[in-house]
Each structure stands twice: as structure tokens, then as C-alpha cells.
Amino acid sequence: MKNLLETIHNRLNLNQNNLLTIDLFDEFLKENGIAISDTRIKPLRTYIKNATEFISLQPKMDALYTGTNEQFVQRLLEKQLIIPEFSFFRDHITEISKEVQSNCNGKVADYIPELKNIDPNQFAVSICTVDGQVFNFGDHETDFCLQSTAKPINYAIALESQGETYVHKHIGREPSGKRFNEVTLNDQGLPHNPLINAGGMMCCALIEPESSSSLRLDTITKVWQQLTRRKPLVYDSAVYKSEKLTAHRNYALAHLMKEVEAFPTDTDLEETVDLYIKTCSLKVNTANLASAAAVIANGGICPFTHKHIFSNTTIKDCLTMMSFCGMYDFSGEFAFKVGIPAKSGVSGAVMLIIPNLMGITIWSPNLDSFGNSVRGVEFAHKLTERFNFHNFDSLIGNCPKINPRIRKKVSKVKETID
Amino acid sequence: MKNLLETIHNRLNLNQNNLLTIDLFDEFLKENGIAISDTRIKPLRTYIKNATEFISLQPKMDALYTGTNEQFVQRLLEKQLIIPEFSFFRDHITEISKEVQSNCNGKVADYIPELKNIDPNQFAVSICTVDGQVFNFGDHETDFCLQSTAKPINYAIALESQGETYVHKHIGREPSGKRFNEVTLNDQGLPHNPLINAGGMMCCALIEPESSSSLRLDTITKVWQQLTRRKPLVYDSAVYKSEKLTAHRNYALAHLMKEVEAFPTDTDLEETVDLYIKTCSLKVNTANLASAAAVIANGGICPFTHKHIFSNTTIKDCLTMMSFCGMYDFSGEFAFKVGIPAKSGVSGAVMLIIPNLMGITIWSPNLDSFGNSVRGVEFAHKLTERFNFHNFDSLIGNCPKINPRIRKKVSKVKETID
Amino acid sequence: MKNLLETIHNRLNLNQNNLLTIDLFDEFLKENGIAISDTRIKPLRTYIKNATEFISLQPKMDALYTGTNEQFVQRLLEKQLIIPEFSFFRDHITEISKEVQSNCNGKVADYIPELKNIDPNQFAVSICTVDGQVFNFGDHETDFCLQSTAKPINYAIALESQGETYVHKHIGREPSGKRFNEVTLNDQGLPHNPLINAGGMMCCALIEPESSSSLRLDTITKVWQQLTRRKPLVYDSAVYKSEKLTAHRNYALAHLMKEVEAFPTDTDLEETVDLYIKTCSLKVNTANLASAAAVIANGGICPFTHKHIFSNTTIKDCLTMMSFCGMYDFSGEFAFKVGIPAKSGVSGAVMLIIPNLMGITIWSPNLDSFGNSVRGVEFAHKLTERFNFHNFDSLIGNCPKINPRIRKKVSKVKETID
Amino acid sequence: MKNLLETIHNRLNLNQNNLLTIDLFDEFLKENGIAISDTRIKPLRTYIKNATEFISLQPKMDALYTGTNEQFVQRLLEKQLIIPEFSFFRDHITEISKEVQSNCNGKVADYIPELKNIDPNQFAVSICTVDGQVFNFGDHETDFCLQSTAKPINYAIALESQGETYVHKHIGREPSGKRFNEVTLNDQGLPHNPLINAGGMMCCALIEPESSSSLRLDTITKVWQQLTRRKPLVYDSAVYKSEKLTAHRNYALAHLMKEVEAFPTDTDLEETVDLYIKTCSLKVNTANLASAAAVIANGGICPFTHKHIFSNTTIKDCLTMMSFCGMYDFSGEFAFKVGIPAKSGVSGAVMLIIPNLMGITIWSPNLDSFGNSVRGVEFAHKLTERFNFHNFDSLIGNCPKINPRIRKKVSKVKETID
């Protein structure tokens, strides 16, 4: 740890007494997008804070900061986090967010009565990189329901527990090319893909089918707690009840799937629809959802805890589906112009995944005619116009967009992605 | 150039006299996938060859190798090419190629009489990386017609000359979800996308519409010459004639587009169909087509000449279309399981693009029921099972597949993509 | 009535004593297809029967046969019933029935468990003309459930009570062109027509919506009692229960219609589906159903009681729908080759209407791949090959088929249709 | 003939001298809808005319009127023609015609340049009964092109020469359910039916395929001459040329049919399209077309010459198709509300067939959005509201509409249809 302290001393700004104050350290963290509550630096920060307003960097103090993620701190100090110039990046995102905020088009989803009463002006943007660098804008502490943004995670849970082959014996994997309100299955009598309602219900049917109803919800909730590091994470019972009463389309699809024997035998229709609606009603804020999105961007590994939540295969399948079918009937156009795997929900949430880089969540209740958040879609367009985040932007020369993965003004340094 | 010579001396195997022979140099080139005819090392190689069987590395000889791409040679010597362990990679590809070669399923396309008589056992694989590292297997010097593999390039040429907005006023950009033999346009009365026949003809209609028929073909041929560095590059007149006589589906589509006024005003139907069929009949071998594919993988820049042939925007649009619609009705499944932008043609060619990494071309005339080369599809599957080439494979940990972008056994070294 | 008795004396066969016995009278009735229980001749027959084995035709007995439909008897005696040569016609129908009976193809519907256990060899044919001439063959006293043959009547009841305009604000009136198991509505979000399941449920929703569930069923049952003159007429509770448990497709459709607001406001989904399934489970035999069919053939008027049950408009709409959509996906082909308005049900019943002439019912449980009774369809084909019953067979010369509306061998006599 | 003359004397109005003048006779003819040029009464009329202004009905003059259709004259005199009260009927039709004439909605077809310049106010109605009673209103002597009204006749000619089985190996027989501008074939790769463009071309391909191009047109023209008794009957070369230049949709369909091998082998695509367009360009007036329609109404027999032009089977198939598919995408609604087999053409012609009764032709160039003549469709609606002409109107009581088949004020008389 001696080296680490030396590096801190060498790299960070010090006060006139050549000492590191907690204020200077916190400023450094902020500059790099690291939350002061980040567990990876917590013992170190406590040490610095408690060093009676300054530190003199005595090696004998080593014992105090056991628990710090040394490797992470080293990379942080060496400006080797995935977004090396985080404040520069943050300024761009803030600018885009403000531009998007002025767009008041669209209207709040009205098909679920309980969603109608929401304040349409609310707006939040949250970012979390694969190195746990975070940024929040606007109402990022306000809760909303996941709605369809629950689908990729339900799909991932089903994949992890049942395997790709079994899951896709019950769900297709192609865009449907069907209008929103058409109630059909594909040529094999299966939901077209896991990200439309029929597929979402099927995923629920595949999660611990032998367990009791409450245990199954528990399993799903626990994954969300790992993804968001939020506890407790619960569903909104008013929205759940409201949605259940008006869930005619979902019941239509579920009965249709029963009819054509798309479900595994013994699937309880009522219980499946119920579980599905409960997962749609789970409450999160954009910071939580960005955190979950970062896990997907990071190949299934939590950036903060380094826990393996999903395998590479699961993430690969999940991102493929999101890139094809995540934005309802706008998915094709979104894939062309924006080129970022995404999933939106009628609560106004949009989750964007820049693989190997970051997760982004936008939340704003006003929806366009496709059912996607107006501001969410505009944000995504502006993002991809400015940064080389399109799935097929060239990463090796010839792309005029900003590449935030490399250090500014230090053009000779190799861009790295690990 | 002194440094370069020193590096050569330090890095390469020398003979017992501590000297570098041309044999040793050529072996080194081969090991790294660099052709001995590669212009980037030609003067250097000539110098080494002519140094009466050996070189003693005299600085005064510098003048002799003017024209060598010094930066490239430096990276080559430092094992920093995009596939640092090329012979290891080549062994894997050879293994896959041999496995695939034993698959004799499928049958040769019979709808164009002239294609029927081809020997179905022919098989070739060619690879070209963004650093110009090449690999060839089988009948890579045998010519075949581009057929639908011409479409992405026709699309790219149209984009470059007319701009994305104008091109997509005349062509849609979503998968069609329609069976092969259905003759329809999308809801706006346009071809669904540039990679199906209707869209392919529309691209031809958008290329230099004001020019004469022969000049337009000339323009297209010249782009192919740049992409493949093959001269002359001509169309197969027997196939062209045969195809023209039986092109009822294409005429049906062209008349339909005329009917609904999908074409720009003044488009000559007959001339458009003719130009389209001629581009389908252009003759190349897999080595040529891999070279063209490498340009797309490299963001539009030729790996050998560093000439900018297509812009980032063009490449982005082209890859998006290839990832959605390149493999006929198998495109959705291919995107899910293989996850590599691709285009196949009924001649049996399949072009795969691993963005930022390499282009791959497989050619084998036997087709499956979708019209894709049986061996081409199997090759792609095996490739993506072994290497992390799926569009959504994680590049940062958690992926159990081989990542040929990093040096073997030198795990501490950072993986780089530039 | 004097004339009538004289006519009887002149027209009928008498015994050697020049007297009319009841046996001779019954033989005459049978020859003309008139049941001995027919109320229109009942008092007359009782008189003849009670005349101590013979009648001497005393005018003073007149009072005894009050209640006889004199006009009908007159036409009967003058060979002016709609099928003047009924025994000739009956022989043909018997021949066809026997031919058809030998066809053992198809299989019993298995999607409703309770229907599976039926004896597939059962077979019945019943005919009832617009003049109440009847013919029965086979198991015509065995009950079966109406299933979809209930639909034209539910439609007619809805039309009578709500009017064509209102009914068709909630139901379309075109063939669907959709496969059996596709769950869709038309472009206006309505059932395609009243004869498919969605339309059948909608008709139920439109019948006395303000009444209680049991009163609504009562209303429908009463119409069936009038049509069939069978009392009581009840539903099969075992089939009803079995069908309700497996009615996923119907629930899917009902929820879908709720979702798109196809139903009138306040429609109770559960009650509607329930009423629909109960009407499908009503039990009749072929003689009953032929009687109902004869009412439709007779412009809505009961041939026996002359009661106006449905208006001309209702009958016109009903027959139009039957001619377009009555035989599931086989409707188009049936309309072309057979050309008779019809409706089949999965219980194996087929109801045929020859407008202005007769109703015919065939029942045989084995179904073809379209869900139509195999023998029912074959019967219809053979019928239309032999008689000029196709909707567009010429009635004025040039048609080589038998026209049973005219007297045999009495070619000079004008053919009449009243 | 003695009887006939006596009947004339007894039935017709005579002048004050108790004699029959030619004026009185002509008035009688007109009252019954019989043209003074009708060949069936020509010799008789000539006799009456030449009898120095009057006739005294001398039996010895018999020889003079040889050639008169005596049976027809008998029925005419006995008020037994199919419309016994023709002037009453004519008054109704005149009233409807005048109402319809005030409707100036719609617009002239513009897709064939030559059709654009027509005067949209033109309007004609012609009727011809199965007894050759005729009525004309408006511009009934103005020629127009058959366009799609040629299709039922082309279909009939193909049926007569090749047989139903062969014809329907190449053409389907169900409504397409497809929008006008969709270019598709049915599931078997055949035109959906003979009354859409693809089917129309196929019918042409099936008519004397082995003959020369001009002989084939000759064959078709000769049938039209028999149907209309008009000679010569020729095509409009300006319309033909104009249509040929813009026939992209037809070429698209023809190439598509070539592609899927829907045509009989050896079918010459260019010649087929050419023949098809020529038949569309044949010139007639409404009186001609009503005459042709009357042949179809009369089971294929010409009312005037009693020549058998088409068989009952051909007429049955033809009427079935017309009742399902004759009015483009409005066919379903037309079948429901109007219920009369019909065919319209973009020239503004509508041909209606009341089987066993009459043919009616309306011509007015303004079209609605379906491509049907606005006035033609309105006329059909008004006609069916007033008369019991709907295919499924009850003919035996219970229908409140006018039945022109029966004698007015003579309600006791049986309604007859022969």
C-alpha cells in the first residue's frame, strides 16, 4: 500500500502545506465520477477524512484502510478508468440533458389508469460506467415502475436458470413486425421474442415454475437488488392493482398461449400473469436502473462488487434482443439511427446499453405514438450523434464523433478497452 | 530508419552467423499473415533479398528501402498487429475450414440456368484483417459471381454519392419479414431495405442516374477495383445473359416500383435492371472479396493503401443493414446465434465483417433452403462459437471464448484495439 | 269445406268400396313428406281416422275438422307443394345419404374433452321444406350440441333486437381470410363477421345486455323453441363445463375485444363468454335443426305455424354471412363448388339453406382438417351436383340438373315458387 | 297463327274503327319494353305497318309474317314476360337514375393517361331482361372501354374452351382480401381469382394459347359480338397504347407469374399482356353491355336469338366470382348491402346481373376510392333497396320490397319465374 499512498501524493492536488485534505480528495472523486459512498474507496476515504483534516501519508497507517479496492484505486489515480476524462464527458451529457428537457411533446400512458396521474414534466438521466463512474441529472431519486424495462432482466433470469435451448423452445427470437395491438404468435405458435408482452409473460412462466408464487417473485426481486444494490426493492401495489384490472391484452395473449400449448405443461395462467404484472410494477429510480444497465454493459459483472450476476451467453442474447426489439415498433428505425441496445417501458423509462462501456437510463413520462418516452428517444439520438456509441461506429479511425474512451489531448496514448 | 533495422535485428530469428536471410524474413512475414507481395514491406523485403543472401544491417543502406511503411513495420515487429498471434489464429481457422469442408449438404442454385453447372464441391475461405494480415484456404483463386454480395457495396456507393437522407427517401431500412418469393414493398411503397432485390435495384437506380449506362457500370467497377485491388474486374457475360432471360422476379419488382412511383422520376426501368444484373455478375475470388470486407471492417479505409473509400456513416449504415437483413429469411436467427454482419449470395459466397478486426469470405456453391451457402453458414457458426466475434460478446472479461486480439501467454499486457 | 272433401275424394286413392281409409290417407301424407302429426292436417286426419275405418265424406261432419289449414290441404291435394314429387326427391336424397354414410374419413373434434367420447359412426340427415315437407334418415333422434350452428341464430336474434346498423357497429361483415387459430380482429378492431368465434361472442353481448344472465339465455332458448317446436330445449351441462375449462381461445378473443373496446361499454366479459358457451351447448337433433333451417329458407316464417320469427332483412343478412363465412376456411371453396348458404359446427352438424325451398341438416361427428363434418361436406357436394341448388344455377332453362320444384312428366305446367 | 291474330285483336287497344294501327302496336311494344327493331316481332310489325295504316286481321295474310317468334308474341300479349308491368318498372328505374345523376362525387381514373380527358358528367343506364325487354337512360349510345368488365367474359370464354378443372389449376377462386396495389398471388402461387388483374391476364393466357395473337383477339371479339349483337366491335387504339405504356402493375404481375411458373408452359408473357390490354380496350355502350349481362342472367342463352353462348356451369362459376370479387376491395360490403353479382371497370362501367331476371349496366366515369363508379354503386344500392333483387331477399312472402316479376294489382295470380 505504500505505492498507492505515494501515487496519491504524486497525482492529486495538495493544499499549500503539501497535504491532501478530504475536500481535495472528494473533489478528485467527483471529477472522476466516483461516488463518495463507493465501497471500493470507502476505507481509504475514511482514513483520509479522519486524519484530522489532512494526511501526511505515513506508511504505518496502512492498517486503517484495509478493504479498499487497491487495483481500482490505482487505475483511478492513473486516469485509466473506462472514461478517463469523466468531467468532460459529464459536461456533454449535461448539455444534452438540458436540450432534451425542453421537449414537452408526447403524452403520458393512459391505458393503465394509475399511470395517468403522474407529473409529465419529471425528467431524470443516470449513467453508470463499467468502472462504476456515475452521473445523475434531474429527478433521479424519484421512483417509477419498471414496466417493460423489467423484460430483459426477466429474460436473463430465465436464461440463467433454464438455459438458452429450453427458453427458446418456448419463445422466438426475431422482431415481430406486427403492430403493437395485434395479438399474434409466430409461425411456431410462440411469442415472437422475449421483449414483447407475450414473451415477457413466458419468461415469467419459466422462472422457478415449481415454486410458490411468492418465492418466484422473491427470486426476481433478489436479482434486482443485486443489480441495483437497493434494498428493499418492492412493487407498487396501486399500479399493480390498476394494471391487473385492465390487463385485457395480456390475458388475451396468455389465453392464446394456453390454447396453442406454448407454455410448459402445468403452467398456471393466472399466476403467470400475476407474476408478470408484479415485475412490471417494481419500483426503481434512474440511478438504480443505470446501475443494472451497467451490469449488462459489463458482461454480467457488477462494476462495484465484481460479482458475476449473468454469464456472457446470457448478456449476449439479452443485448441481441434489445438491439432488435427493445423499442416496440420503432426498434428497426432506432437500431438504424441510434444503434444502441435499448429497452423502454410505458412508465417513460428508457434503458440504453453501450456494451463494454456504460449503462444509461432516461426517465420522462411523456410517450410518443410508439409508446416510447419522447425525451428518452431524443436523448438517445443526440447521444449517438455526438459520441461513437452506435453499435457500428468505427472504433479505429475514420469516425468523426467523440470517443470518450480515450484521454483528451493525450492523443499518442493508446486507447484501451480493458 | 536506423531504429527499424535495429528492431529487426533484435526481434527476428537470425541464422547461425547472426544474420537475417530472406528465408527467415519471409517466414516471419508468413507467421504474421503478411503477404510477401504486400506493398507496405516490398522495398524492405527487396533490400533484404538483394543483400546477397543476408544482411548485415548497415545504416548506410537506408536509401534502398524508401517506400516501406515504417510505422506498419514497427508495429509488425513489436507484435502489435490486430491479430498478434496470427499463426495460432490461422491454425484455428484451418481446423474449422476442414471440418466445414466435409459438409456436402445443400444444392446449387438452379434458378439461373448458368449457375447450375458449377462444381458443388468447390470451397474457399479467405481472411483479411484491418492490418492487412491475410489467410487463404482452398479454391481461393477461383472466380465466382458476386450475386447479392454486390448489394452492400452498391448501397455504400449510393450513400456516398447521394447521402443517407436521399437514399432512404427511396429505400426502407428494416427487415422485411417476408418470404423470399413474395413481391411486395413496405408500407411507404418502397423496398424494405437495400439488401433485398428491390432495394438492390433501387441502389443501382440511385448511382449516377444522369450518366450513360456504361459509365455507371464503370463507376461501380472502379470502386470494386479499389476494394479488391484487382484489375481488371469484369462481369461474366454468360451468367449476365442467363440471368437476364430469367429475371422475372426482378422485372416484377421493378415494374411494381415504377407503378407506385418508388423510383426517382425519369428512372429508366430497363437500364436499371440491366445495371443491377451486371453488378451481380461481376467476377471475384474469395481473396478479393475478403479484401473488400476488410475495408468495411476497417471503417471504410483500405488496410493496404490507407485510402478512405467509404465514410464512417456509410460503413455504419451498411453494417447495420448487414446485421439485420444480410442472410435472407435466416437473418434473424443468424443475428441471434452468430451475431456477425454478413451478406450471402446465391453463387455460394458469404461475406462476414468483424468490425474493427477483419473481413472473412467463404465460398461454396451448395445452398440451404434459405438460399445461403451451407458451408458458409456452418463456418460462421463455428467461428462465433470459438472466438468472441459475436456482436454482443463481452470484450471485458466474462467471455470464455478466444479473443485473438490479445497476445497469447502474455496475459498481463493490456488488450488494445488501436 | 265441401270442396275440400270433394277434392280429397277425387284426388286420393280409395279402397275397393270407393272409400278413403286412414291407411290410404297416411300413405298419401307420407308420399308428400307430410308428418301424420303435422298440426295443419291433424283435425282432418282425426276425422278420417275416427270414421270407423273409412269415410263416406258426409258434408254434415264439417264441424269435426275445424282447425285444419284448408289452404294448405288444397295445395297438398293439387300437388302444388314446393316439392310436388316428394317421394321422387326422397329417393334421391336416400341414395345420396347411403353413399355418404360409407365415408369414414376424418376424426372427432378433440379440443373439447367432452366431445371426444362420441361414437363417430353416427349419421343423420333431415330435410324440411318451406311447405313443411319433412324427410329424416339415420340417427335423426339423437341429440348433439349446436356448437357453431348456434351462431347464425344468435346473429339473427341480435339483428332483430338491435337493428343491422347497431349490430354492425360492433361486428364486421366480411370473410376473415385468416387461419382458424389466428386471434385477430379486423382493421376497425371488430370481429370480422358474426359467424366466427369473436363475432359469435359479440352477438351474445348484444342480446338483451341489460337483462340478467339467466333471462338472456331464456330469450335465446325461446327462439330456438319456436324454430324447432321442441320443448324443453336445454343445454348439455357436461359439454358446457368441459368447454368452459378449455375455452382459452375464446377468452383470448374476449379479452382482446375488451382491450380494443370493441364491446359496448359495460359489457361483462365473463358473462358474455358464459352465455356464448351455453348457446353452443344447446342440444338438438337433426330434425329440430332442419326445422330451424326451413324457417330461414322460408324468409323467416315458420312453415308449420306461419309465425313470423325473423324479418326479411334479418334473413337476408344471415344468408349472406352463411354464404361467405359459414364453413370456416373452406367457405370460399364451398361457395364456389356447392353454392349453398351453410353453417357447420365442431359437433359435426352442417346446416344447409336452399332459399325459398328447404332447410337441410346433416350430422356426423368426424371432421376434416377445416373442422367441418366430412360427411356433411360430401353430402352438400353430391346434393348440388344432382339438383339445381347452387346459388347461381340457372332456374330458367340451360341447367342440366334436376329441378325438384317442378312436376315430373308434366312439363307443360309452369314451374312456380309460391 | 290464327290464334295469335285473334289474341292481338282481343288484347291490344284498337282505334275507333276497331282496327290496330302501327302506332298503337308500337305503343304496346314500348309499354312492354320491346324494341321496334326486335327481330322476334319484326315480320309481324312489318305486316301491321304495311297494312295501309291499319290491319283488319285477315287470316289469309298469314304468309306475310313468317319468321315472327310466335311463342314470344303469345307471352307478350298475355302479359307473361318476366317483367309483366314493364312501364311501372321503367318509371321506378327512371326515378332512381335521375336521383343518382345528381351525385357528382368521385373522380375520373387518372392512372391511364388516355382516360383522364373524359367528360365526367356522362351517365347512362341500360337494362335488358331475360325476355329481351330493354330500357335505356342518358348517354347509352356513347362508347367507353370495357376495362375490367371484360374479365367475367374472358373468364367465361376460358372456362368454355378449357374446362373448369384446367382453368382453376391456373387461377384461384377466392376473394383476395388484399389491397388494390399489393402485387401478390395466393398460397399456391396463382392469381386469387379471375376477376383481378392477375387472373384476368391468366384467362387471356388460357384462351386459344396455340393460336396467333390476332386470331385469339378475334375469338374474344366474336363472343362479344354475339353477346351484344354489335358489329363491328373493336378496341380503342389510343387507350390501348396509353395503357400499354403505363401498365407497370400488370407487367409486375405477369413477370411474377412467370417467376413462380403459374402460367402454362410456353406462355408468351408479352403477347399475353398485350391481348389482355386489348380486351380491356374494347369499345361498347351501356345498351351493348346490358345485352351481354342479360345473357349471363339468362343462364348463358341470348334472350333475342336463343343461342346458347355459355353453359350453366360457366354461368354459375362466373356469377359466383362476380358476387365475391367483382367490385374490387368493396366486394364484401357490396355483397352484403347490395347482394347482386357485379363487375366494375375503371372506365366507370358497372355491370349488374339479377339471375333469371335481367342484366343492368351503369356507366359514369367518376370513381370512388375503391375504383368503382360512384354513380354505379349508388344506383345499385338504390335498386336493391326498392326491389327484391338482393341475392338473399326472400321470394316467397315476408319481403316488403317490390317484386317486379309479378303482375301489379293482380295479387291473386301466382308469381312465376318462368
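Which chain is which? They are A, B, C and D, in the order written, and residues in each are numbered from 1.
Just so it is clear, a contact is a pair of C-beta atoms (placed from the backbone, for glycine too) under 8 Å apart; a residue touches a chain by one contact, two chains touch by 3 or more.
Model, not experiment: these values are computed from the prediction.
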Among all other chains, pick the one whose mean CA position is farthest from the mean CA position of chain D. A
Can you compute the centre-to-centre distance for chain B and chain C, using the mean CA position of each chain? Integer Å is fine. 70
Chain-centre distance (mean CA atoms) for chain A and chain C, in whole Å, is 63
In whole angstrom, what separates the CA-based centres of chain C and chain D? 35
Could you list which residues of chain C touch at least two other chains? none
Connecting every touching chain pair, does the picture come out as line, ring, star, complete or other? ring
The residues of chain B that touch chain D in their complex are 181-184, 189, 248-249, 251-256, 258-260, 269
Under the stated contact criterion, what part of chain B meets chain A in this complex? 130, 173-175, 177, 298-301, 308, 311-312, 315-317, 319-321, 323-324, 332-333, 335-336, 339, 341, 355-356, 390-401, 414-418
